[in-house]
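Structures for review follow.
Both complexes below contain chain A, partnered by chain B and then by chain C.
Up next is the complex of A and B:
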């Protein structure tokens, strides 16, 4: 009993295992490559499209992770979060708020709405345990219908809403809702320097608040570390403000988007400096994990820097422009997911997600935990939809929300997630892969068929296809019906007679 | 403090809807001793433990009678939480573990150690941060106590069952102030070496002053590890014994006890010629993967014309045998029937070759509750053998007239109390439902009839009728019968030979007149020869 049951596998087995474990991702990588080859398109176009779509969609996809871990499957119900976001936009635009202030007001209005919707959705999920996904999907259609009624008639028809610019004929909103001049790019256009300034201010405040909280709780506070963090943040803040008055830097970093070639330079230098500082400061032993990690960082940094000087690559880098603040918000979402999971609430969600019966016997409130998870997801979806729309700039008033759940779910599944397990990493990989395919698949199809009208069909077919294929491949991973032979029998015998263990595919 | 007993349950009684399941039972456990609680299925062990653990099922059905003293004080235990606060822990038979979690996460499930954060001070305790190092430390301590050498950060998924059992124990030990630990058949799922290891662990735990109640059917384990034991039978207290003063045979005898009532009055004329070389069914190295009733390698010969009983305690695998033969659960090994091989992986193969089965799950598998008696009786014969069908070339049509006539005959022959062949099977009483099941089996005119738990859930009068019907079919029509039952008494009144299954294996084949001790030992997994009786 002393040795662990793991035995060493040969490297070939390791490779097989890697391929099998990542077969969904690999399949879609392969598919993207094939599509890119067929489409024979401009790499710069694809890259810039994909990075734009990444900024636009990732937050919506990240909203799926928490409910998935809480055992709710893929939350198709995020459509109601998107609806909350769109409702808030109507009023904010009507009142005439613009820019970042308008967007923040949207957040302020959509959040309580999303909490309410999420609470109702969670209640419904608790009544339909075991079939949350189909419930979410159908509820999405239902909410969609109610929303259309609201948008096409009730607004202006029942609720007074006097705005001839927005209304079609006294009641009902116009079909296309234009955000140009008010909310469009309100987040995307925040420059890199402003983003850095904001982040450093946040860092100063949070460091101070956390350390004073620790002091209050009677915990040891490393004064040196706190001062170091604050000083570093202040330095960064000052640099980011001063840089505005240096024409070269301001041109490079102070404009509304960050050129990817600049981002690569900054990232490479930053990584290199980080690795060097850590090596000099911590002095990890050669060959240790920390050392290898830092060395890896340094190599990565050099690769990035060198790649920037290869003309073709540099051309590609120059075609992509990154919205700094939007990416910062994505980082915040990722951080938030991780943080929630490190709390008792997060642990309860994971427990509930793994086995409701075990959770109940451990004294957890299963229903409440599930409702909280649904609420968090819905709020994240609402914010995600706001980010989506401010980037899009104009949207179809009536049906913009319809496919939010579908596309988000398809993206995370492509990233290798399944209905029981999802991570930030899978969400991010998934968004990249899915949207690469989303861009190139219609191009490839057009090339093959010679008719550009089919691209919309291809996208629809493709999204549903992705979901079906990745779910089927996951079922394969789980190993469905088993037929034990005489030899396999002993292995079967070793399985516990435990409903909790058996309910979960291995 | 000078207390003789950490737990003293006196004169405990409990009834479920007028059915007395515990009649004045006592249970006394000293601190730091390992005390076995023994008895057959239905002896009242689980009910007693449910009372001790304050399970809702007890309090939703009117509570219990008698008194419980714990740690020298009179207590009322009305919820599992209360039991836990008192220091009573339970290692469940079904693991309450989450495979996707690490050992630490499982041990600390629902009792995570957390530290306050800014968010938690604003939004409530649930946002406190998990203190993973502290949780790992505690887990390490608990694992070291029971001597389980695994990493606290290892995933539970994929671990051998034995490890899981130990992790459950670690979780109980980790709870502060534990004084009494209940082990509910902990060795049932373990391999031999794991079980030995568990017994060692129990000794270690007991040596720390924690009392253990050990529920098991395995007499040799009881002899090996316990200090004393309480034996229950049919809800009554039989005896409290010191282990050193007793023997395995005596324990077995006390557990079984001879029941005097005779269940079948008239067996009919016995003019069957049963010969040892005329074998109807042979099982060779037969395994069945039926959850909760696994069969692990059974070799059995069934002679033409006999009634063979298969007995044993619940969960030991006796029900798995017929379900495996019929192909309802995956199986392996050889099944030879009347000179032909049966392929259990093909559902219906056994039926086609002339084996009829009356399932123990009468309302689930056995009957179409929403259909008429007539349809129930003819259904299998029609589907498998094409009876009651008229053929018009490739097209078949149901022959309603013949079916009705047959159903009426059966109702008369088996004395099914009903309003007519059109009555829904679901509306019948348990005994009459069982007769419908038998009628359907007979309709197939099988060479072998397998009945599983034929008297479960039916009253004593109906029980007798069913058993007599089986005897009559055997004696008058020469039908070979396998009868699977948890009630030894029933098997002894009817069968020619009784095979006892324990832990998925055959532990003995006895004649109906073999001694109680023989049966008791075989049921507890003590193999002694397994010789044939005639």
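Up next is the complex of A and C:
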């Protein structure tokens, strides 16, 4: 396709196709721009708010991708993951753990809970094949009820739980749960330098463990590559420790947040160095894909670096302060999604997602694959909720989890995902767009109508409306009018029965 | 043999229905033993049964025509709210009262119902067309369409150009206040009509008659040629198509009827409540209606008027009897709302799991 000469017609067609393929995203970009223009607000306020919300919400949204590809649709049931996270927080706070240790303990407690909940959820989804989304939604409400029963009546009422700070009247937890002083910002406050040190240590260990594992399994190990990786990690580790003792670097990178202007500088320089090194080392042919990619990187890096010296943009960059470790965790979630989808399990999930009957005839255990996908999603949601809450700092004990599914699903749909297809890219774009609108739409409405009370309605209408429209569009496109029964079956039978043929990522 | 028979009977009754029935019986018994005024609570159960009856009845046509429980009954609800508000806005009751003393509330209510039916009719047809496009995922789509319509209408209510002093915010000048009193139009009209005391129990004859009347109309509608065609296209679309029935048209008719019933239902509900609650109050009504009909023994593919009558009674009975009992037993704790949430959604979940899902992506 890329080799065809670009004449006017094909470029117009290309534009048309681009607009059509990205209509949802474009619509929301347009809406955001209109809202920003109407609201006439402070750009640095919007930017800092959006980046905060990005750090807070993205992990929850990334939890939706795997079940979506496994054919479960949008997993509204991530509410149970959030419940697991909140339950773990109650005990960790009760026992008096604080900071990063407390958060890790939360992870430790919430993970098995989330696996259990996910397993039950998966079992239920297997009983309601074809209507997983409504099941997930209703289950969310149901779990909400059980959780409320537990939190308000059973804790302290049936289970002995003696903590006057947490209990309101002898039994039942306090309505608002304050994390200030124990878990608030426990992840966000980790500095960039510490993050880099931790990541390099993790990288050293994982490289060594993986290579020894590969050796044990009898697979070939590229010793040079392994040594290279370890050495690079050690160098990074040493640099990050040494930087602690250089006052300028420590001031810039060692504080609890990373200024976005610094991040842009670092990223720009890093990208530029990477591009230059790769160009010098691999020497890709001019015009080849790899060359273009590297050239693109270099241009991007230059744009970033130059933009940092434009006063207005720099001011904007300076107003945004990024939590380094949280963003690292988001990257980890993205890589994890990619990694799991590249494994055999991930391939099976895609096959199951495309056609259950094909998967069954290929000898896959459909039910088990679906349960695993649900479990992974629930665990990711639990961790995501922990990240969300440590950033928020205070939460409504009874109701905090109830809208988790709604906002996450709305966000990923805004990013252009649909019931059968979702990717990390869509999740990230979606979170940015959705939360930009979430910040600016009420401002714009207030300006237009002159009353701030309406903003809550607009937010809710907007979230529900996105889901309604997107579900309806998808159901319509995927042939809602199709006659059920015989025709549907035969169409399935005509699909290739070799799972590998249609499970390859496209 | 007996074991098999037991299992078969259980399949017919269904676990949730049995549990809810036993739970209800236990609660009423506990109330009686603890000296709670069972009769007065029974009276309000009857009243609420009448108020919810038509709203729950709205589930029957949508289930019969093959769309499944109409989670989006809120679409009809907002039409009914609009009709009621217009009746207040135009001062129907005082005006008619001036000409014909006593007839005012009735005319106001008839006006509200007529306007709601007209609006709901149009909305229902559009809604049906939408649902024909999304076959296979109706339940999810109806839920979210219902939710988003409620919030869209919240924005509308907030700025709607009403002028009646009874509707607008006291200090605002526009928009609908929350709640709007129906005192001057038709509050408690049906509740009080022909009501009498049977011993300690108050029988709200008017509202019971009204619900039974609407049930009868729906019953005979489903006996008519169109009604049978609707049932057939819901039960077996392929067969219906083969016998020359336009399935899509029948689905539109079914969902339109459901929306209209929702609109009439909310008018009857607000008269019983005495106040009109716009904004997000109707948000959860759809789920409540679905749960009620399912408790009555309906499934996602089968529902009858008997299911509505039994289900609404059980559900409302539970909602009304649990708070005093839980207050009595648990020393001032009201656990009832939590129980209601668990039972309501548990029943829906059970029905979904029983339905064995659809065929999408099979």
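We take it that the second predicted complex is superposed on the first by the 458 of 506 C-alpha atoms of A that agree within 3 Å, B and C clash if a C-alpha of one lies under 4 Å from a C-alpha of the other, contacts with A are read in each partner's own complex, and residues count from 1 in each chain.
The rule we apply is simple: a residue touches a chain if its C-beta (ideal position, glycine included) is under 8 Å from a C-beta of that chain, and two chains touch if they have at least 3 such contacts.
Here the structure is a predicted model, which means the values were calculated and not measured.
In the overlaid three-chain picture, which partner chain does A:30 touch, first (chain B) or second (chain C), both, or neither?
Once the two structures are laid over each other on A, A:30 reaches no partner at all.
According to the stated criteria, A:364 is in contact with first (chain B), second (chain C), both, or neither; which is it?
Only chain B; A:364 stays clear of chain C.
A:277 in the overlay: touching chain B, chain C, both, or neither? Say first, second, both or neither.
Neither partner.
Touch check for A:355: first (chain B), second (chain C), both, or neither?
Touch partners of A:355: chain B and chain C.
Taking the superposition as given, does A:213 touch the first partner, chain B, the second, chain C, both, or neither?
In the superposed model, A:213 contacts chain B only, not chain C.
Jot down the residues of chain A that show up as touching in both complexes, chain B in one and chain C in the other.
Chain A residues touching both partners: 355, 357, 482-486, 489, 492.
Spell out the part of chain B that touches chain A in their complex, as residue ranges.
Touch residues, chain B against chain A: 81, 94-101, 105, 109-112, 114-121, 125-130, 148-151, 154, 157-164, 189, 194, 197, 285, 287, 289, 291-292, 294, 296, 330, 332-333, 345.
Could you please specify the touching residues of chain A with respect to chain C in the complex?
Touching chain C from chain A are residues 71, 124, 127-131, 133-135, 137-139, 141-142, 144-146, 148-149, 152-153, 353, 355-357, 419-420, 449, 451, 453-454, 457-458, 460-461, 464-465, 467-468, 471-472, 475-476, 478, 480-486, 488-489, 492.
In their complex, what parts of chain A are in touch with chain B?
Within the complex, chain A contacts chain B at residues 1-2, 4-5, 209-210, 213, 217, 342-348, 350-351, 354-355, 357-359, 361-364, 421, 482-486, 489, 492-502, 504, 506.
So in the complex, the part of chain C that touches chain A is made up of which residues?
Against chain A, chain C makes touches at 71, 130, 132-137, 139-141, 143-145, 147-148, 151-152, 154-155, 158-159, 237-238, 241, 279-280, 287, 330, 333, 335, 338-339, 341-342, 344-346, 348-349, 352-353, 355-362.
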